[in-house]
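One chain, chain A, links the two complexes that follow: it is found with chain B in the first and with chain C in the second.
Right, the complex of A and B next:
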């Protein structure tokens, strides 16, 4: 997976979001599906939504998450974040920007 | 008028001719059959249901004899709902089980104005308690014990929720005990009224428990849920009743609903509201006296 790929939010404001002590249920009206996200997964959506006019690279997303969750740099972290981003893309929550 | 006020000859005549119309909670069901054995099983088990005269029946069901060319001397029945047969044929001595499964199927598939959870529901102290569980968790057995110890039966199978009001609707139907549960309940509740044991069904041996009369009489009284308890029977296990995180309760409830996906946003909002307003627990039990005491304590603490 290329770390050069960038991502942006899709219709974040249309989501119905409920917070349960640091976990989230998210209803996606377009698909009619409910998704269950942990805090980090949800933070990815929030970060992308916070920059609606520009796409964000995987590296930048990873850096934001490491800062917010006080994580050490780890070679597998970027891969895990990339997988999550692709999964969110499949679900229609975000989209890739080439 | 309730079924037991009708002479048995009239009951059989209704079943075999224009159909017996009974009120099963929010549903009126018309049942037709010419099978005398089924009629004789239904008469005591349906004794407390109200007869419906002029109202429309939501479901029209029939149990008919079926003759097989391959097995001409065996006796089979088939179940029809509104003229359609959703099941293959079954041995005729399983007619009661087939009828009850068929009505359950009709409720599960055709009820889309309500949110349906796969859950037993009982009521105590003006609050409904959901007992959601998959088959094999012992929810019917636990439900049977509770409704003979002061709880009002809503259902052993369906949590019917009005998603707008948040109310649960009773649909007190026969409770099908399976296999070892039959003996367990006969021993624990000698006062319970059970139907004949039906052998070799797809779920093993089944015997139906008649709901308490009061639960049927009060089937029009809805209630809001106050407790969600996910039960599991484990042989010889000590009782455990532990709080369950709300996020987990949400996921478990949504995934065990029959029509969560179909109702979309309505379901999401309804389940959110339900979980936010209920106390959620997971329960492991093996002993009726202990579990009833624990649930009494829980439902006393309002």
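Right, the complex of A and C next:
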């Protein structure tokens, strides 16, 4: 997976979000689906939403997460984040910017 | 290792072996902070859950199907707010006002065919007992 791909949020404001003690349920009206996210999964959506005018690269997203969750740099982690981003893309929550 | 510490570890192992799959999933979601996790509830499941809690799975095994005291099969029909398409939709939502019919045919096979023809379903005796206990279906002994 290319780390050069950038991502941006898609209609974040339409999501119905509830926090359940550190877990999140996100209802996506357009698909009618409800997603369960842990804190890091949700943080990715928030980070992308916080920069609506510019796409964010996978590397930058990983760096933000490592800072926020105090993690060490790790290629496995980058792969996990990248897979999650593609999953979010499939679900229509975010989109790729090339 | 002190006795207390050993006991705590043993309890922890014992606890982890008896937790349900739901508990495991919840623990995974809650405690795995180091990787992002997303799980999706599909819309069809969400729609089913959102209707009523009177969900049952139709069965075809006549031996375990709900019967009255005469041994006749109990054919369950979803109410107006339940599922219409009982063939393709499993589990079936019985809605809030399901009904029950009993066919007078001699064999269980004929009774099952009649039930299917009329748009009803057969459910297990256990499921029937659960729903009759909630007052959703009539007691099988009076049918």
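Operating definition for what follows: the second predicted complex is superposed on the first by the 98 of 98 C-alpha atoms of A that agree within 3 Å, B and C clash if a C-alpha of one lies under 4 Å from a C-alpha of the other, contacts with A are read in each partner's own complex, and residues count from 1 in each chain.
Note that in this section a contact is a pair of C-beta atoms (placed from the backbone, for glycine too) under 8 Å apart; a residue touches a chain by one contact, two chains touch by 3 or more.
None of the values given here were measured: they were computed from a predicted structure.
Aligned on chain A, chain B and chain C: do they clash or fit?
Clash - chain B and chain C, as placed by superposing on chain A, overlap.
Could you figure out whether chain B or chain C reaches more residues of chain A?
Higher number of touched chain A residues: C.
Taking the superposition on A as described, I'd like to know which of chain B and chain C A:33 touches: first, second, both or neither.
It touches chain B and chain C both.
Examine A:87 and indicate which partner it touches, taking first as chain B and second as chain C; both and neither are also allowed.
second
Output check: A:16 vs chain B and chain C. Expected answer is one of first, second, both, neither. What do you get?
A:16 contacts chain B only, not chain C.
Which residues form the common part of the chain A surface touched by chain B and by chain C?
After superposing on chain A, chain A residues 21, 23, 32-34, 36 contact both chain B and chain C.
Write out the stretch or stretches of chain C touching chain A in their complex.
So the residues of chain C touching chain A come out as 29-30, 32-43, 46-47.
In the complex formed with chain B, which residues of chain A make contact?
16, 18, 20-21, 23, 25, 27, 29, 32-34, 36
Touching residues of chain B toward chain A in the complex: what are they?
245-247, 250-251, 254, 260-261, 264-265, 267-269, 272
Would you pull the chain A residues touching chain C in the complex into a rising list?
Within the complex, chain A touches chain C at residues 21-23, 31-41, 43-44, 65, 69, 71, 77, 80-81, 84, 87-88, 91.
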